[in-house]
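Next, two complexes with chain A in common: one pairs it with chain B, the other with chain C.
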Partner chain A sequence: MILLQALAFILDGQNWVSGPRILYQLGVTLSISAISVLIVVVIATPIGIAIGHTGRGRGVAILLSNVTRALPTLGLLSILIVLIGVNATPVAIVLVLLGIPPMLAGVYAGIESVNRSTIDAARAMGMTEGQIIGRVEIPLAAPLIVGGLRATTLQIVATTTVASAFAFGGFGLYLIKGLNTADYVQMAAGAILVTALCLLIDGLLAVVQRLVAPRGVPRDGADSASPKPRARASRSRATATVSPLQEGMQS
Partner chain B sequence: MIEFRDVTKRFPDGTLAVDDFSLVIPSRQITVLVGSSGSGKTTLMRMINRMVDATSGAVEIDGVNVSTIEPVKLRRSIGYVMQNSGLLPHRRVVDNIATVPILNGTPKAQARERALQLMDTVGLDRSLAERYPAQLSGGQQQRVGVARGLAMDPNILLMDEPFSAVDPIVRDELQQEVLRLQAELARTIVFVSHDIDEAFLLGDQVVVLERGGHIVQKGAPVDILANPATEFVATFIGADRGRRRLVVSDTARPESGDDRVLVDSGGYPVGLISARDGQLAIGSPTPKSRSVSNKTDQAGDA
Partner chain C sequence: MKRIHPRLLAAVAVTAAAGLALAGCSSSSSLGGGSGGGSGAGSITVGSAAFPENVTLAYAYGEALAAKGVTVTYKVNIGQRAAYFPALQKGEIDLIPEYAGSILSFLNKNANQKSGDEVASALDDALPKKLTALDLAPGADADSLNVTSEFSDTNKVTSIADLSKLGSVTLTANPEFETRPDGIPGLKSVYGLSNIQFQAINDSGGPATLKALLDGTVQVADIYSTTPSILDNKLVTLEDPKNLFASQQIVPILTASKAKGDVADTVNAVSKKITTKTLLQWNKRTGGDEKADPKTVATDWLKQNGFTK
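Our next item is the complex of A and B:
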């Protein structure tokens, strides 16, 4: 019955503006997430493009990504808060570190997935490297790039809850407060809220992923040689959350 | 005229792909570089548009060393047709053909109009213009590839095994199409192939290559067939297996008329020869004359 009570807690309009102030905590969650995602995109996209385009630096990227993944989020956040203080900066740093690997993987895996002979032909007919990246590689890699963005965003939104352990706002606050005061209804409400937010954002990005899928391209990428696919039907299945980094970890 | 002068290419991994290669490729003719894989034929061709840079030696186009021309500019002035067409899968046929003119600053409407004309030139129905490459057959894709190669009206057209991935009937049509186009347009075509029959069919000049870009023999197909320079060439063109050694069959013959059946030394039928009054026909038909009359329509490979 805790779940029903939690739902009642969430559906109570009063709780959105006063008391637990769900609306405000949603704003905090979204803004810190948005800033972190933006920073990740700005950092990881060019690096991913460079790796994917040149085929160089993949090993280093995998190594660094794995190191980042191995960092204990809570521990790192504690240290940074001690060093910097309780504000958005340490939280953003941790979220960015966490968000870079999936974004980077999506971008370079996307670029790498573009058929080599397509790129070769583009170069042979006289495209500059910039034109190859902008007019061939990125359009064809777009679904995988957005796939990386999806993974990154989910990771970041979900992890904002951790920041609440340090009196920083967000839905995690309900988890921490609820735990401290044995208010399990509030805890459940926090869990539901963050889950719902993640699902909503993921759904939106899934739509974006479909919209950016290049038209005319068969589902499994840039294989122009395959015979007569139904171009439109196939693009709806261009969902992919790549994790070549994890493959890298295992090998 | 394209001239290779003492060209050597060593790849960073140490492979010597081309070793001291010299060749003159005459203008307005088809030169076919033919050889097995590893003979350096594609590497040689890609040196012309600087997709590969020579380690030493010079490649000249009309006396200008290509290394002095900026690669992007050079490539846009040379048509390039590759195996599997290399079309941009996310662009419609007409946009694929218009890609290079648009990069060069041709207004879009004009470039698309020109692209439609080129579709006529290569025997593609204009109704295919708005399709994506994946919606075309292999043969149609190759035609689009050829149209794209011709989009800048280049003097030089490089063709890298363009028909090796299509089925034999379509390949035959496309080869005839190349001959028809060449009769019409008269470009300098460099054609890379591993198929000696294709080389003999298309080439004004055929250059037989061995590992490392060594020229074993070059010349008109008829000369190579008449006088293979080495065992290797004889093997390569099939002379040693008797595939080119024809006899008049003493058993098979048409039910009526004077024709006799020619078979190779394996006994496989290869053609007919007229033998009026027992006298085998001798003559000198103009090479390639059939290609002009033999216009193929594109319905066959749709």
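Our next item is the complex of A and C:
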């Protein structure tokens, strides 16, 4: 019953432009998400490439990632709001902290999973390290990197709802307002809108993930068919090729 | 593997410490009721909702009655209205401190009375026969619009009506304020204010609201009138001459059969002394650095006001 009423709330075109202004809240959700994802990509991609290419620093990266994952987002946001002020900066900080671990995991797992002999062949052909990264490792790792991006984006979009508590619009406003006034139709509508938006974005990124897969390489990993482990990181690499995506998706 | 792994040990220690800390939070000394107490004319069970201000009120009424020789039993911290009101109706509690406007709208969703007197007489009609409301205290814990003292001085604003003289003004409150009849729509219809920009901060006038007000992100903030931060930061509470907000004066609700003679007189005498400032000072003691026990705060106050020795 509530679900039907919630759907009616969403399908009422008037609600998109006036009253709850769904269109405006969608814009708020998308813009803060886009900015946060962009910052995550800028920070996590180079670090992930460095870890994946050199095989060093993985332990530290995992440790730091797990620490940021353990932070309670709403609590951290409340503290930052009181320290910094009621504006977009604290919101972006918590979303970026939340988004970095899956992106980082996707990038380094992707780079690590590139077959060692492929890299050796590239080096034997006279490619510089930069060329190896740019022309061999990144293209082969692309599906896993986009996988990390997917996980990050999903987390960030879903978590923008907590920012609604602090003078930020977004779909979370319907959840909070609904809860405060026992208006469960509005709450359900908010939940449906966030879920639908997440599924839509995830679907789009899934298509991108297929498109970036290089031809001749199995889709679910750069070279999972190859039994040969990379010498310098053989143990950790084995787990990385089995579940780099899940690792990013877990939280 | 006889040795316990040090990391495991550390994890267990941290978990145990966290558990203890949580347990410590929940075992406040004011929890739980007193003992004994029959249901004769000379005995009363005092209840309260689960927040310090209401608990302090319960002890203030209860201890004043005890000083008059009434046998008082306490059942404080009983959750929300939906939990304690049935207990009141069943006679498990005989007295509970209430807030006039809130209890009225709980009993009658369509009530639109605003001023204290109107709310009080509507409350008499709305209460079940077994219950009665005694005199309203002057003090109230209601929505109140606050500005900084600098803002008040610079713009000569002391009342909600004065806001109309200004250009665009940003106001913060909980999200539902935007659509509540006594929220933004009320500011428009009652005071004719169309220059209010709304920003929702969902902490009921807590630290984030205060931060936004003090750093100028917003100029007006909805903070409950008995929140200590109003005193601490010398905020100016805007007057509400047209009663946008319904009166939330303190009103003790009693079992009608017990609200007679000495009991009624004592309760009314206590109510008379409870001002909004009294509530603010209580909340400052129970919620501030002192973390005082509500019963101690109530006892001290009764002594200062000559109810007890």
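The rule is short, and it goes like this: the second predicted complex is superposed on the first by the 218 of 251 C-alpha atoms of A that agree within 3 Å, B and C clash if a C-alpha of one lies under 4 Å from a C-alpha of the other, contacts with A are read in each partner's own complex, and residues count from 1 in each chain.
Throughout what follows, a residue touches a chain if its C-beta (ideal position, glycine included) is under 8 Å from a C-beta of that chain, and two chains touch if they have at least 3 such contacts.
Since the structure is predicted, the reported quantities are computational estimates derived from the model, not experimental observations.
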Touched partner set for A:Ile81, first chain B, second chain C, both or neither: second
Contacts of A:Leu199 with chain B and chain C, given as first, second, both or neither: neither
First (chain B), second (chain C), both or neither touched by A:Leu3: neither
Touched partner set for A:Arg123, first chain B, second chain C, both or neither: first
Chain B or chain C, by number of chain A residues touched: B
Which of chain B and chain C A:Leu38 touches, first, second, both or neither: neither
Intersection of chain A interface sets (partners chain B, chain C): none
Of all residues in chain B, those that touch chain A in their complex: 46, 49, 51, 72-77, 80, 82-92, 99-100, 103, 132-135, 137-138, 141, 148, 165
Parts of chain A lying in touch with chain C, wherever the complex brings them together: 78, 81-82, 85-87, 164-167, 173, 176-177, 180-181
Chain A partner contacts - residues on chain C that touch it in the complex: 172, 174-176, 178-179, 199-203, 207-208, 211-212, 215, 217-218
Residues of chain A touching chain B in the complex: 115, 117-118, 120-128, 131, 135-136, 139-140, 214-218, 222-229, 231
